[in-house]
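Structure, as structure tokens:
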Amino acid sequence: MHAAASIAPLDPAPAGPAGTRLHLDERRPAAGLETPVVFDVENAEVSYGSFRAVRGVSMKIHTNQITAFIGPSGCGKTTMLRAFNRMHDVIPGAKVGGKISYHGVDLYGPDVSATEVRRRIGMVFQKPNPFPKSIYDNIAFGPRVNGTTNKADLDMIVERSLRAAALWDEVKDRLRYSALGMSGGQQQRLCIARTIAVEPEVVLMDEPCSALDPIATARIEELMRQLRDRYTIVIVTHNMQQAARVSDRTAFFTADVDASNDQRCGVLVEYDLTAKIFSNPSDERTENYITGRFG
Amino acid sequence: MSAPGPLDLHGLRAQPSWRAAKSHLATAAMILAVVAIAIPLLAVVWSVVTRGIGVVTDAFPEFFTAEIPVVSRRKGPGMGPAILGTLLVTGGATLIAVPLGVLGAIYLHEYGQTSRFARLVRFMTTVMTGVPSIVMGLFVYLTWTLRFGYSAFGGALALACLMLPVVIGSTEQMLRLVPATLREAAYALGTSKSRTILTVVLPAALPGIVSGSLLAIARAAGETAPLLFAIGAATAYNPNLFAEANTALSVQIFGNATSSFVAAQDRAWGAALTLMLLAFVVTFIARKLTARFALER
Amino acid sequence: MPDELPGGVLRGPQAHADRAFRGIAIGAAALVLLILGMIALVMADRARPVLAEMGLDFFTSKRWSPPHEKFGALPFLFGTLYTAAIALAISVPVSLGVALFVTQVAPRWLKKPMIYLLDLLAVVPSVVFGLWGVLVLSQHFGLGRSFLTAGIILGIMITPIITSLAREVMETTPAAEKEAALALGATRWEMIRAAVLPHSKGGLVGAVMLGLGRAMGETIAAALVIGSALGQITLDPFAPGNSMPAVIANEWGEADHMHRSALIALAVALFLLTIVVNLIATAIVQRSMARSRGKS
């Protein structure tokens, strides 16, 4: 099984600014990182009522890559992430400004169905949230909602998704058992399997490993690397070593005091290839964060 | 300065004191209160069981199947039509009140939340739980019975009006207990709101909703006043929900309680035993479900 | 994927089903308003004849004599309040005592069975209480039908309600406050007086008022044992009396048009009375629960 052995040891060199330790995935040449753009974000901001949580975000997310959002807590990383699959729609008073385009289509356009958006852009949450149903029914939920009712089709989808989430061998004899009987790490992999069962294009992950132990975390990171070939992944993490380990591009957020109303507001400081962010960041704030001088 | 003497532990020992006595007296008063409420409860159950069991076993199972003697002086069974009547009326009320109540609670918690309309409905639901059952009975009489005559359906309507606010209240409580993250997981998979409610939220809250509804049903089964105005007083079987007078266990108990004929009174005790057992069984199932619901979370 | 996008993300058929469901849910919720509104309208309309004739004298006059078309509601208002007062006098100390026992004194193994038994008492139908009251309490024990008998039965019936609410409120007493009292050397009773009772005051008042509302509206048990006397306003508890719900239940069958109008007017009065009491009670209980949640 894919276990901790897949984590490559931390590489002492190349070294970054004093104090940092880096790990670069040497198997991926830097040249493969100019894949087509999935999301084009132009000056996006999110507010809850009169409170602006994050502002002025402009970035491009690329296909088949892992993009990490890092930064101290309370600076809008999760808020920004949730704007990509219109999860703010369910919060009364939440407003998304600016423009977020998905393959050229404005995600928040008047004719766009949030339900359709979410089918193509899935999300894995911080704390695993399997439905209180059987493992099988958890995975089959999404496909059933989208019209698949044929049992043979569903069986195939369930097996395929569980295999892709590296969970099949562990649960194949327990498919009818409640999902709540699994360990935290298994539940999170189940949630990942559930998300990819509907074959989204993008998988958003909101601190997926923060509730898990190191071994479970390692397995999920390995899973992410495997999923990258078929999906686009955007992950929020407060663990910058994790970002360094798995991501191709990294966006660093921090909180700024909003001049207009004296409130803390999240801003995007720097967004670049992970290698560059961790070895030679352009902004002083980024450097301070990754060398541990604050945050 | 001399060395300190050996520790004087005499003072630590419990001494008789007025304060301690007061506390013991208070505890005694509490125990007295417990006894004070236990006695009537046991007395009522005792009376019903001892006086009712004889009537039921004397003519078993005819008590549950025979028709009610038209001449109340006559001794003997049974309460068959009343049992059927209670089942019809309570069953009908459940079929009306539970789906509507659950839907109403869904609106309040999943859609309306804090909107003005939702707050108004919640407020009025609380008001409605306090409507005396006789007022509901009069209302059904004036709006239904006068137009359509006595029928089990009228009784079902009256009981449904009594049950509706209770079902809404307890269901909304259960919906509140379903964690928001479960809904988020469903939305994130591209599920519409109505579908999320039907396939994730309701199944998760179901044991609690069922137990709350069962409690409402148990109380409805025992209601008398509204039925007096809606179903009349029949003595023969009437399985027809919509036509003609019917009867129910509670109505029979009420009618026979004031009778001067011992035979009628006996039947009242038998009916009381039956009704009480019915209510207890339903409540028992409801409690078991609540326990299981708590465990699952 | 990109070629199918613009069409794919447009509004789908699902949106119609979604909106239909929401509509049904709103409709169900609106039913509450509809029914309450209809009750108010229908009852007010039918009560009008007698009120048009007598005006507010209806509520202050003592004579109730249907054959003479004389309708004075005062004896029934009195009876309702008097029996409720007796019921509270019996029920409140008992309920408080039981609630205190269950929350502060009872060992853990006793708590759950006791709560279970109390809930069982709440399920016994009121008509069974009425039956017991008539055939056992009033006949067998010779108490007869009177204000007192009715008050006792009502008291027994509302005790589980008050107890269970009182229990809930008392359970929310912050452990820190209780421990502070005990740590200062207070006896259990002193701790209760210092920490539990002050904290629960509001909730207890609300619980008692809810019991009051229930006692006032209880029809069947009262109708069976109150005695159905007419025009009696006396403080003698052993005298037979009457109450609003009881007289409605007992006289409706043979009442003519004006008589019925009077009975409905009584029902409206009862309705308003119980609603006011229930609302005040609910407000008090909610406020005290919110306050206690804020504290602990």
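Chains: A, B and C, in written order; residue numbering restarts at 1 for each.
Here, a residue touches a chain if its C-beta (ideal position, glycine included) is under 8 Å from a C-beta of that chain, and two chains touch if they have at least 3 such contacts.
What you see is a predicted model, and the numbers here were worked out from it, not measured in a lab.
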item	value
Reference subunit C; chain at largest CA-centroid distance	A
Winner on C-beta contact pairs when B-C is weighed against A-B	B-C
Chain nearest the overall C-alpha centroid of the shown protein atoms	B
Intercentroid distance (Cα basis), subunit C paired with subunit A, Å	54
Distance from the mean Cα position of subunit C to that of subunit B, given in whole angstrom	14
Centre distance in Å when subunit A and subunit B are each reduced to the mean of their C-alpha atoms	49
Numbers and ranges of subunit C residues touching at least 2 other chains	14-15
Residues within subunit A bordering two or more other chains	115-117, 120
Multi-partner residues of subunit B (at least 2 other chains)	192, 195
Residue ranges of subunit B in contact with subunit C within the complex	19-20, 22-23, 25-27, 29-34, 36-38, 40-41, 43-45, 47-48, 100-101, 103-104, 106-108, 110-112, 117-118, 120-121, 124-136, 138-139, 142-143, 161, 164-165, 168, 192-195, 197-198, 218-219, 221-225, 228-229, 250, 253-254, 257-258, 265, 268-269, 272, 275-276, 279-280, 283, 287
In the complex, subunit B residues that touch subunit A	113, 179, 181-192, 195, 199-200, 203-204, 296
In the complex with subunit B, residue positions of subunit A that touch it	85, 87, 90, 92, 115-120, 122-123, 125, 127, 129-133, 141-142, 145-146, 180, 191, 194-195, 198
Residue ranges of subunit C touching subunit B (in the complex, touch as defined)	14-15, 17-18, 21-22, 24-33, 35-36, 38-39, 42-43, 46, 93-98, 100-101, 105, 114, 116-121, 123-132, 134-136, 156, 159, 163, 187-190, 192, 213, 216-220, 223-224, 245, 248-249, 252, 263-264, 267, 270-271, 274-275, 277-279, 282
